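Some structures are shown below for you to check.
Both complexes shown next keep subunit A, but they swap its partner, so subunit B is in the first and subunit C is in the second.
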Partner chain A sequence: MMTLRAAPARETLAQPGFEIRPSTPFRRRFARNRLAVIGAAILIALILMAVVGPFLTSDPTQQDVRSRLQGPSWSHPLGTDELGRDILARVVSGARVSLTAGLVSVMIGLTLGTLLGVIAGYVEGRVGLTIMAFVDLLLALPAILLAISIAARLGLGLTSAMLAAGFVGLPSYARLARGSTLSIKRRDYIEAARAIGMSDARVMARHILPNILTPLIVQATIGVGNAILLVSAIGYLGLGAQPPTPEWGRMLSDAQRYITDAPHLGIFPGIAIALTVIGFNIAGDGLRDALDPAGRR
Partner chain B sequence: MAAYLIRRLLLTIPILLGISLIVFLMLHTAGGDPAVLKLGQNATPENVARLRHEMGLDRPLAVQYLDFLWHAIQGDLGRSYRSNAPVLDDIVTRFPATVELAVAAMLIALVIGFTAGTIAGTRKHSFFDYSSTFVALLGVSIPTFWLGLIFIIVFGVWLRWLPLSGRVDPRLGVDPSSNFVVLEALIRGNWTVFKDALEHLILPAVTLAGWPAAIVARMTRASLIEVLGQEYIRTARAKGLSERMIVWRHAYRNALIPVITVIGLEFGALLGGAVVTETVFAWPGIGRRSVEAILQRDYQVVQGIVLLLGVIFVALNLLTDLIYALLDPRIRYR
Partner chain C sequence: MVERKNEILSQLIDGVSRGQVTRRQFMASALRLGIAAPVASSLATMARRGALAGGAGSYGPRAYFQDGGKTLVVAIAQSTVQLDPAIAGANGYGDIIPITGNLFEGLTRFKDDSAEIEPALAESWTRSEDGLSYVFKIRPGVTFHDGTPLDAKAVETNFLRQLDPNHPLHFEGITYAEIVFAEVAGVEATGELELTIRLNRPIILVPGNLAMFAAGIASPTALEQYGLDFSQHAAGTGPFKLESWTKDVELVFVANEDYWGGRPALDRVVWRTVAEDTVRVSELKTGGIDIANQIDLKDVEDLQNDPNLQVITGTYLNVQFLGMNQTIPPFDNPKVRQAMQYAINKQNIADVVFYGNYTLGAGPIAPGLPGYDPSLAEVYTYDPERAKALLEEAGVSGLTFDLYNRTTSFWPLLGQLVQADLAAIGVTANLVSLEDAQFFAELNASRAPAFLNDWTWDNGDPDNVMYSLFTAPRAKTRLGYENPEVNRLNLQAQEEPDPEKRAEIYIQAQRLILEDSIKVILGYPSKAIGASARVQNLKLSPTGNLFLRNVDLASE
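Right after this comes the complex of A and B.
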């Protein structure tokens, strides 16, 4: 019995391309990819900025109307906005808002999507098809439209924007989880676990989930970048974070009103968003390549 | 092909029903009771109850959905809570502006995407390959609205080459929120309007083209590299055909099939993406209208626009599948 229960927890990873070969350590393969290392460096810098940054800069909501719309100077390295608030402080605090928003929305999409996908793959039949039909429906609307509809339904605010971005990402995780589950559910160790009377829920949680996690994590890394893009777009449209929250997208829509007088307002929050998304994209690509020696998706 | 066509058409019916259900459930009662929205916060409960009855809001939700569906099929998308004008009229007036922008953006994206993808794909690991891959990475990482903002700052504010926003100079006396301004001016030979409308179109179209151009370039490159590695290409090389001939006559034909799928999907996404670009450039299309409507809590309008765009998205997917089947006979016989 014991030999049967000792399922090879990480023996193979879902898709044939995702096998880890012990001969070339993952860390070295990731480190060899220069672009991926740059991506990881950007992300580490951003996380540092989000965690420590706000303690080093001034208060991002502190208004000073006498020094409004100033260009970069010694006391305000990136200038001030229409209410005299320090842009550097706002961009730095914005990292906290955007990173949190991106991570939370991916957690929502990843958790729900994986749950639905694993069940749909494991149960198949009518239940599985119904779940996937629901998931595919979310793909039947363009992402931004789905997002603004959800945001409209839930009311304006950062929470709605995060939920919206989460739901937009959900189908990709559900599809991936379902595909991986389908490909491993007939393996001997799964059959063995069922043969010894393990409940379906336990088989899914203990044996299927750990073995399909790797491609999902790769997808989630790239997903954080996309979620941040979407949350900032919702913020830009005025449907996301509301003032005075220093959210990058919202800062850009505020900046646009002063674009002829103070064009510098529209530069730094945008650079911040772009850098963050690039960081997640190339780190995610690197993660995928490092976990997948064949170099294919 | 006929059997495939019928099967594929039948398959869209449940999808359309699903979309209508999602849109209805999300937006029908979004932002509170429509009767209260219409009458204002100070309305008496009796008046609210009467209006709820008149609007049919006191019926079971399922009945309300069927009613909504029945009217939507006949082209009746309800009336705006604000102006009381039919939602469909609003959409019909503003839709051409969105189509004009989306088509212009798609053309730009195709020219850039194909050119970059082809050069990168035929010269793998060259300097151009690396730089175009990098630019494509930027294309999918830079937020659309920021790209638009940068274009406005550089070409509008600093260089003063192009207008900052809008669709046509108001002094020209053309209604900016209707019809195909560029196309109409071209047909009528009205060169002043044509030039002005074209100048207004350039920045939003290039902004909107960024994302699909990056996707098309990536896809063309990947697909071309895969096809060029196949044996029939080696045979063609062995026959002594020129590289140009091999790429254009032999490789392209197969390489473009997956790219076409992507183009179809991207065009649908483009119509959705217009929501952001239209807001940046104050472009009077339905995307900007939907955002305005959400901010005014005029959900009847939002519902109509999202439903229409959803239906178009499904239709485009269907069309893409059909073209795909036409180009690649293997799909039909599966």
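Right after this comes the complex of A and C.
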């Protein structure tokens, strides 16, 4: 059979030899995947919670030691913690902290990783190898160790945790970007762009980057979940956000002391972390399926 | 149910790692499982609570020793990084204090339930007329665990290795000599069984100092033979001998058949490191351990209500405080320091953190010691309005500073209470929570403007806080503090043999320290040990030791 090969300005990563059929629109393909829809619903709920939630709940740092360690009730739907703070308010504000942390660290990893990956793929040779050697070096560092050393340099706090999570994610974006760049750099339209005298930087920015973005975005969606998990882990170790900032990982570690007398202290932030990570993961998977040309039926 | 769930989960994980289950299938299955998780864990908690009342002690570590001996299993919070009594471990001396008194003994020792001194490896001692020398009569017929006989020369070697940095047995980490051998000018074996200690000043603290853990006498033969590897072959004269040691995990002692004080009732002691307070308590409830050293005070009531368990409490010589470094702004301003004193609600700390097992702070000297004066609590009372007024007088507003705190146990909770109290007077305290090693490094490098910390008396004498914290070089590095009058009083008290006059001097010095307001004395926590009801004669030692020489275990 004859292979049709289009050369559009924007090309999804079509496998060579694949036959293009009229495809269902992206939205319908995504909607058909029930799991992905659940994921998306979780994320929308989470974002709403992070944006408007804190206006609806009480102050998450307000202590009321007389009513501490109380179970769920009408005035405190998720109960109160060891200092009498409203757990609902803390979980809701924690969504803002965690989402911000997840997004910022993914932005750090995605931006730097893509930049390095595209350059490494496009230039190849010694420069490319050096860049990839550096990226592989990062990959070899355990995430928590990296977080501890960054915290030691920059001091404790959310910024250090976000930087650490960003650097941990960087290699996956860099490798993906490099691989995709390598696979399209010999295409005719790239050659054409170079033939008309476009500078390398412009070729990378205008022609390569837009065409490799899709898999990176999918990776980034799943990456947000992982980054949130890592930021929580760093918080759990006491290296992340400092009290009284309501951060889920920190809440979990503080709850440990009361695990037998007041398990609700740990259950709710735990559920919040789990749901968020699951949400990003299955939404990311759905996104990939919906965008994957091999999956178009 | 929990087990079944774990089984499904581990099958799933295996499946993923073998490639039989895709990540997506894993997510979907895990999600279904995940919805059940919170319900399952609360059910499990409830079930465990109900089941515990009847089922404790049915299984446990005694299974590892089938020889029928009396084995006591003790869980301690600290990990043991080495066993040389003279050396500070990673956790300062905290990691050997609870255990060391069972393996090593000094010339003197503490009674097992008070800070009172009694003879140990010295039968008796005399102080010279001028107070400048002490003569100790060494107990005859004592041998170390490795068979080496104890004589004055052995004691001399132990002391000189700490005093003389060029001594061949002076190992890295011997840092407590300045306290144990304060004002010691020389040590000499003046007979087969007679040791003379000469002093620079006639201080009366020598017998107490020599009861401290760091003055424990180790076999000189073992020290010479094994050098830095001593910990694996530790030999002292104590009621128990080292059998085996897995660094950071487990330490096994066996009874010393030849102990000079009579063979202990226990045959074997297993020390396990269980860092988490909650885990120690739950292991105690399930019968996994016999003694949980240092339990969270919130669990006291719960354990007391369990007929299979007992809680041992008693005087514990410990003081908690908020320290301020007066060389670092804003604490160079005395008014700001005083504002802190009025701002902190100590009663709140007692209720929330220690469940009432707490004496509110007065002066730096804790209850149970000469010089403790409850009236010093009146110097500063809880008065946030007054604190605000003081800040206004000082002309500061929007005050912000870093408050260094520790990450272990109750410290994060205490830190947040203090933080909220300060927020109430318009002061922002940013908590900087650090692991112990890093925390003390920052303090000793004079980098912490303010910090929360505590001090446990090692020698059962007020001097251990008054001199060590307010006169010694530590006062300068940690607090930037130097008050000549306080120094004079502390030195004078070291030489005052009359206990009443000494107490007077210390009260005077404490007033000056409070006036300078370099520390907010938060209070003195109690300490509690949880134990199985079968454990007999266990006492709480005020200096943090866990002495097992008189402990017995009733048969089941």
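The definition used in the following text is that the second predicted complex is superposed on the first by the 276 of 297 C-alpha atoms of A that agree within 3 Å, B and C clash if a C-alpha of one lies under 4 Å from a C-alpha of the other, contacts with A are read in each partner's own complex, and residues count from 1 in each chain.
Just so we're on the same page, contacts are C-beta pairs under 8 Å (C-beta built on N, C-alpha and C of every residue); 3 or more make two chains touch, one makes a residue touch a chain.
Computed from a predicted structure; not experimentally measured.
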Practice item. Based on the superposed arrangement, let me know which partner A:Ala262 touches: subunit B (first), subunit C (second), both, or neither? Key: neither
Check your understanding: Looking at subunit A, does subunit B or subunit C touch a larger number of its residues?
Key -> B
Review point. In the superposed arrangement, does A:Arg153 touch subunit B (first), subunit C (second), both or neither?
Key: first
Point to revise | Which of subunit B and subunit C A:Leu137 touches, first, second, both or neither | key: first
Point to revise | subunit B versus subunit C as contact partner of A:Gly225, first or second or both or neither | key: first
Exercise for review: Scan A:Ile278 for contacts with subunit B and subunit C and give back first, second, both or neither.
Suggested key: both
Exercise for review: Please work out whether A:Pro244 is in contact with subunit B alone, subunit C alone, both, or neither, and reply first, second, both or neither.
Suggested key: second
Exercise for review: Check the residue A:Leu83 against both partner chains and state whether it touches subunit B (first), subunit C (second), both, or neither.
Suggested key: second
Point to revise | Which of subunit B and subunit C A:Leu176 touches, first, second, both or neither | key: neither
Revision key, fill the gap. Overlap of the subunit B and subunit C interfaces on subunit A comprises residues 155, 238, 256, 259-260, 263, 267, 270, 274, 278, 281-282
Check your understanding: So in the complex, which bits of subunit B are touching subunit A?
Key -> 14-15, 18-19, 22-23, 26-27, 30-31, 137-138, 140-146, 149-150, 152-153, 157-158, 164, 268-269, 271-273, 275-276, 279-280, 290-291, 294-295, 299, 302, 306, 309-310, 313-314
Check your understanding: How about subunit A: which of its residues touch subunit C in the complex?
Key -> 35, 61, 63, 65, 68, 82-83, 155-156, 238, 242-244, 254, 256-261, 263, 267, 270-271, 274, 278, 281-282, 285
Point to revise | Parts of subunit C lying in touch with subunit A, wherever the complex brings them together | key: 23-24, 27-28, 30-31, 34, 37-38, 41-42, 45, 49, 276-278, 281-282, 296, 298, 302, 348, 351-352, 407, 410, 412-413, 415-417, 419-420, 430-435
Check your understanding: Which residues of subunit A touch subunit B in their complex?
Key -> 133, 136-137, 140-145, 148-153, 155, 225, 229, 232-233, 236-239, 249, 252-253, 255-256, 259-260, 263, 266-267, 269-270, 273-274, 277-278, 281-282
